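Read the structure below first, then the notes.
First chain written, first letter: the chains are A, B, C, D and E, and each begins at residue 1.
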């Protein structure tokens, strides 16, 4: 494509980006959630495990409740608002921890597979195929139910979701980067492999990996929520958004607020993350969309 | 004047598999380079010409020690390349490749990329600064460029950056693989001139790989013509271009666009053969195209396209024969002449 | 082509074997399934008898080998709960899951492909914006939450649809919407990207240059090319969809293998959990195999090159 | 809100009738005009073998398929609390012909599902050694009838049961869990395994379809000896989600839904055609202490912890206002053995503090481990108890265990368990069955009596004179308070939702009795 | 042949052009904020080979795409009038004018990878042909562009053919619409010299046999010297010089033209140093006021910085846009 056409194509890009206002509000919301999670101790009007058995199932303030419990209370008279703040903290911890774990595992294995072609690569790709063949939710259900539950195990399992996408993406990008002129140039110069991988290839693929991580993050939140929904996630008295939703689902008919508020927070968080991720993808890495693994934005 | 060549390649062979193989899958093997030998004396500019797929880039990669030959050796001042290359020897051979955008890391500032070879070779920070200033002066780039990213500068400037980086380690041999073919004519002329200057100023030896005989004619002392992974003709530039011996060399020269408008030349000028046999394409396995996967030596690779091909040509592969001092060609017909 | 097929098959087999091994050892690590399975007041002799009956008394490697040998014979073991053939139990449930999954896939394709295409063709216009907003909403909505909201609305308030169960088309509506929303949304987004990608290709410009009608260009040139990544996507999506089906089936009491999995996990019914995992792995692997073959069929380039490399 | 629901309800009911095939009211009638009863339950048992089905989810189906020799009359008991009532069912009479021999006379002309007529053979099959003998695969069979040494066929319609020791509660046993009479012919032909999937009994409904964990369909047993049942078919569907079950009841898909949450009860008031019924069950939730753990090895500590629970607050939070706190391990149906004045532990923080300091409690950690959802409300209860203990300065850590195996692993001081009374006598549950010499707790050394508890238990089991039994039982209750191996939280409530047109009542046990005298459509 | 172009049309640069098959007046293409093509006039006579030459970024390709109505999204164009074969064409983007066909730079990329080349050619044939005739026609076209065994080639996919063969297919496809004007956008840049020579020959042969006009876009003056009748040299979106090819090479008048010619390495006359034009083509947003070539020009006058020269001049020496031509 001649340079002037490339230019034209680039200039035509802004039209498909989501309106910045939407992305901005999404980012704002994410910031708020993070802030709320971080400052739960200060912000929460009540303790997240603080029971008020005489104030069980209080409706939210605007639906006939009191200002004591702005978003109502649950079956043990615990303040929903406070629990959402603390629950968001757990959810985000699990999601961030899981994403981080999956990211590290996936990219390391991806680098390894690209560097040591042959058996190592085959082994990694086999693991990738296996991971793809066993939906994480299914695996996690079995593991958590059979091995029992703990937060580190939960984070680990949640992290397993998506590592294969990072691995596949990393391997593909490293392989193509290895063919690129700048890596060749560094090899001619005599740079050692670690230097080439860490200092030269990594900065180039980091953008795409970060985008993949932002696109995967909502997935991780939903996975934690789904596991907690089955009662296999975070265990009481600790709480997470998914756990609140899972416990609240039985009361949807008579106390909708128990499930609806945390459910909405999950929904809005995922939504915001998607919007921000999309925007980042458009900005940082327009080619990523073609990667099959990235198809689950 | 029997001086030891700076670099010598002998019997280089390199094959590729047509598709990337999995654990068990094997693609058909294609010989990209099939027994290439040459020697370059210090201070000489050696041109390697050929069409796409002729194997010239593969030769360049083997000579720059980024690709191991399946067979044959490359020797620097008589000493063959070892694996891994000691850093000091690494520095002696540097290279510049065609795609100037790809050859620069898009995420690193140009200054950093110029510095990188010096860091790898353990040169101190102060010394690095001095050297980089010198390099910038050498290739005619402003210091302000150091803070820019490769995407922010023009193609000509990038090519100069590449040259500067390649020169940073003060190499003896500079391998240039199509360094100017992606550039516009006006810029191409600038870079060709720069290369000629650098060659003189730093007593550089050049392996200049190009498909453009016109540029090779300007820059090189000697030239080798590569076809289907083999050298079909080599010699002093003036002689090879002035009186080409091999039918392929002649076809190449005839196919060049005119320097000045003249009477229109027509189809008669084209290589006499079925026109769609004209190209070699590694990626495809069109049966009509001479297949380098066939057993070695089964005929001259050019025979299928050669108007003068005889049964002998199809039976046995010709070897390089000396025609005059330094001028060699691999053709049965030339020998018969 | 035959070699390509064989290699792919071998890879698939190895993957399934890996999954079987993983499932076997993870499930054995959980300790004695009998303690969970039998009443807490069972006499020790009884436990021992069952242990022998199910081969749980043997060393783990031997159990593993026996398991693999049995698998090779097509014997997936028996349910620890009622002694029924585990594979039979899973197959009994597979119909419902297939019905749900098939509907969801059909629905997703019927909605996702046109929506994504329209969005791509009208990119940057309100219809694009609207479609993609809907898609992103559909994707971000947790399916268990959506399912509950649907029940609240359609079963409780409107009394329009059955809240749960299986059997009639009416039963299918809410589970299909719950599971299908995310799939359709993702598909729409992916189709849009693929179509946009193809629209930017020089050959589409060439086709326009031939004065073909817009429809002809889209049908003859854009769709076949855009279909290639979309099919890969669908293959990848299957695994995720199964995960979603586990949730959906449990919310709606849909008697598929997802529900069987959750029930069996709760009961620690080793053989059944293992079999469900295997069946899922085999389905996903064969789907991806099918995608590979579809590639060869749709994309002539693959026929020569011998298949895209996994990855 | 109310008007909107009315409008929508009106709109929806017409739509339900017209738009939906197969789910709405139309399919609720079989060809002969008798309605179909549609039941949504939280789960079903995996087997239809009676001796494998004595769980809260298994009993429902079993009592539809099989009849017993005798039948406990819950309606009568409800009317006259404290007076056990037992009616003849398949046996017209059961008499104790000697201390160790019981004779039952079978009802003539009772038709089983496979067309055979009830005879002694069926009773012999039911109490066969393969089912209740020492080698039986069914632990419940051994527990309930393991003491039956011989089943003697006197004639076609008379059978004698010989017992190892005198059984004062044999009539209760024959009206309770276990003695569902199976069809001898079918059992012989199908074998024990085949019978699980194709059971034949004499109950009001026969099996039409059984899809494990999904649904059971029963067809009316029109030859039923009490007369044709009220429903042409009974469809029991598994709907695991409680909200979905309630939604299904409200939307008209089900006639009866089980296991409704207490907090959902007020919701039913908004609908005219559905109602909720709350029944306190003869099933208690307990916390038990691990005698091996130093933290609770001291009885003072166990008593302190027991006094530190505000039982009413817990029960009310978990079960709503209609909760029942049993008076120690007894139910009123015990009749003469029932002592209404016993309270076992009550909330007494002062005494708890006193005992804590007496026990020298220094803030060590108490681990309370419960399954999160195996027992309804257990999660909530545990969290409340934790908070209450914490309030008294007891450092409590809450652990949730996924499975029974994990729950019972070492490392916890307090765990949760349940105890039911399968028939109205202390021998059926509680002090003997769940805490006695052969109980799980004693066998696994969680409860190691420091008193003569086990000896008194043995004496009670052997005693036959009513006064002696009463004295020994009450002595056991005293010993329990002294030992405090467990504390009783509450009686479990079962809440069923049903259409108002369905005349049926949930018993305090989990039977679903759909016999013509207690079940009809309005 | 229809009547002459509208009277308002500026006099053609070469007298040979009597009745143009293609005439466009004041064509501008805007990309973003700047004009990539700025007020371009062009006319082609039947059978004429007109070369549009210049460095990359000059707007050559956009000119072709604008004529075809195939501008990429984000590029807008405006023209005072487009006449094809004497008829005014109501100009609209997305609707290629009849009688125009284009050959693209990267032939392999411009062919649909999943459709056989034969079907792609057949697609371009007039829509009223019956199916069997279509296939026959397409095979005839394949033969016409010099590919052997057209029947087998019909079923080939682009990836099975080499770049040169694909370019031949692209030419066949362009010919299928029986164009009066062929636009060729650097059709040989990606090819080897031997293949380039063949494609050039083929184009000329095709032009001879169909009588179509050929607008040939290239940056290679060697190719220009070889095939052109007339040459328009483009710089920064405008034509700076237009002349018959012999005149242009013999006596280039614009400094840019002269620079281009001098910097071309010649096989027959190797020089020690190549002449070169200093600097580079400015980006669209960074064009200088006045004459856009002024910063790189060694003949610039004070006036060049103030006003932009217009293309001016008739007669055998052609037209030039320069205040100080040679």
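Here is the rule we go by: contacts are C-beta pairs under 8 Å (C-beta built on N, C-alpha and C of every residue); 3 or more make two chains touch, one makes a residue touch a chain.
What you see is a predicted model, and the numbers here were worked out from it, not measured in a lab.
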Exercise. With respect to inter-chain C-beta contacts, which pair, A-B or B-E, contains the greater number?
Worked result: B-E
For this session: With chain centres defined as mean CA positions, report which chain is farthest from chain B.
Result: D
For this session: Report the inter-chain centroid distance for chain C and chain E in whole angstrom, where each centroid is the mean of the CA atoms.
Result: 53
Exercise. Taking each chain's centre as the mean of its CA atoms, how far is chain C from chain D in angstrom?
Worked result: 39
Problem set entry | Rounded Å distance between chain D and chain E, as computed from the means of their C-alpha atoms | 91
Exercise. What is the distance, in whole Å, between the centres of chain A and chain D, each centre taken as the mean of its C-alpha atoms?
Worked result: 45
Problem set entry | Per-residue multi-chain contacts in chain C, two or more chains | 11, 123, 148, 151-152, 156, 200, 202, 250, 268, 304, 310
For this session: Could you check chain D for residues that touch two or more other chains and list them?
Result: 241, 243, 247, 403, 406
For this session: Could you check chain B for residues that touch two or more other chains and list them?
Result: 22-23, 284
Problem set entry | Touch list for chain D against partner chain A, complex | 241-243, 246-247, 261, 263-264, 266-267, 313, 316-317, 372-373, 379-380, 383-384, 386-387, 398-403, 406
Exercise. For chain D, which residues count as touching chain C in their complex?
Worked result: 5, 8-9, 11-13, 15-16, 19-23, 40, 43, 46-47, 137, 139-140, 143, 193, 196, 211-215, 237-241, 243-245, 247-248, 250-253, 403-406, 408, 438-440, 443
For this session: Enumerate the contact residues on chain E facing chain C in the complex.
Result: 65, 68, 70, 72-73, 94-96, 98, 101-102, 104, 106, 109-115, 123-124, 157, 159-160, 170, 173, 176-177
Seminar exercise, completed: Contacts from chain A onto chain C in the complex sit at residues 1, 9, 15-16, 18-19, 125-130, 132-139, 141-143, 145-148, 168, 171-172, 218, 222, 225-226, 229-230, 245-246, 249, 252-253, 256, 259, 263, 266-268, 270-271, 273-275, 278, 289-290, 292-293, 295-297
Exercise. Contact residues on chain A for chain D in the complex?
Worked result: 49, 51, 53, 56-57, 75-77, 144-146, 148-149, 231-232, 235-237, 247, 249-255
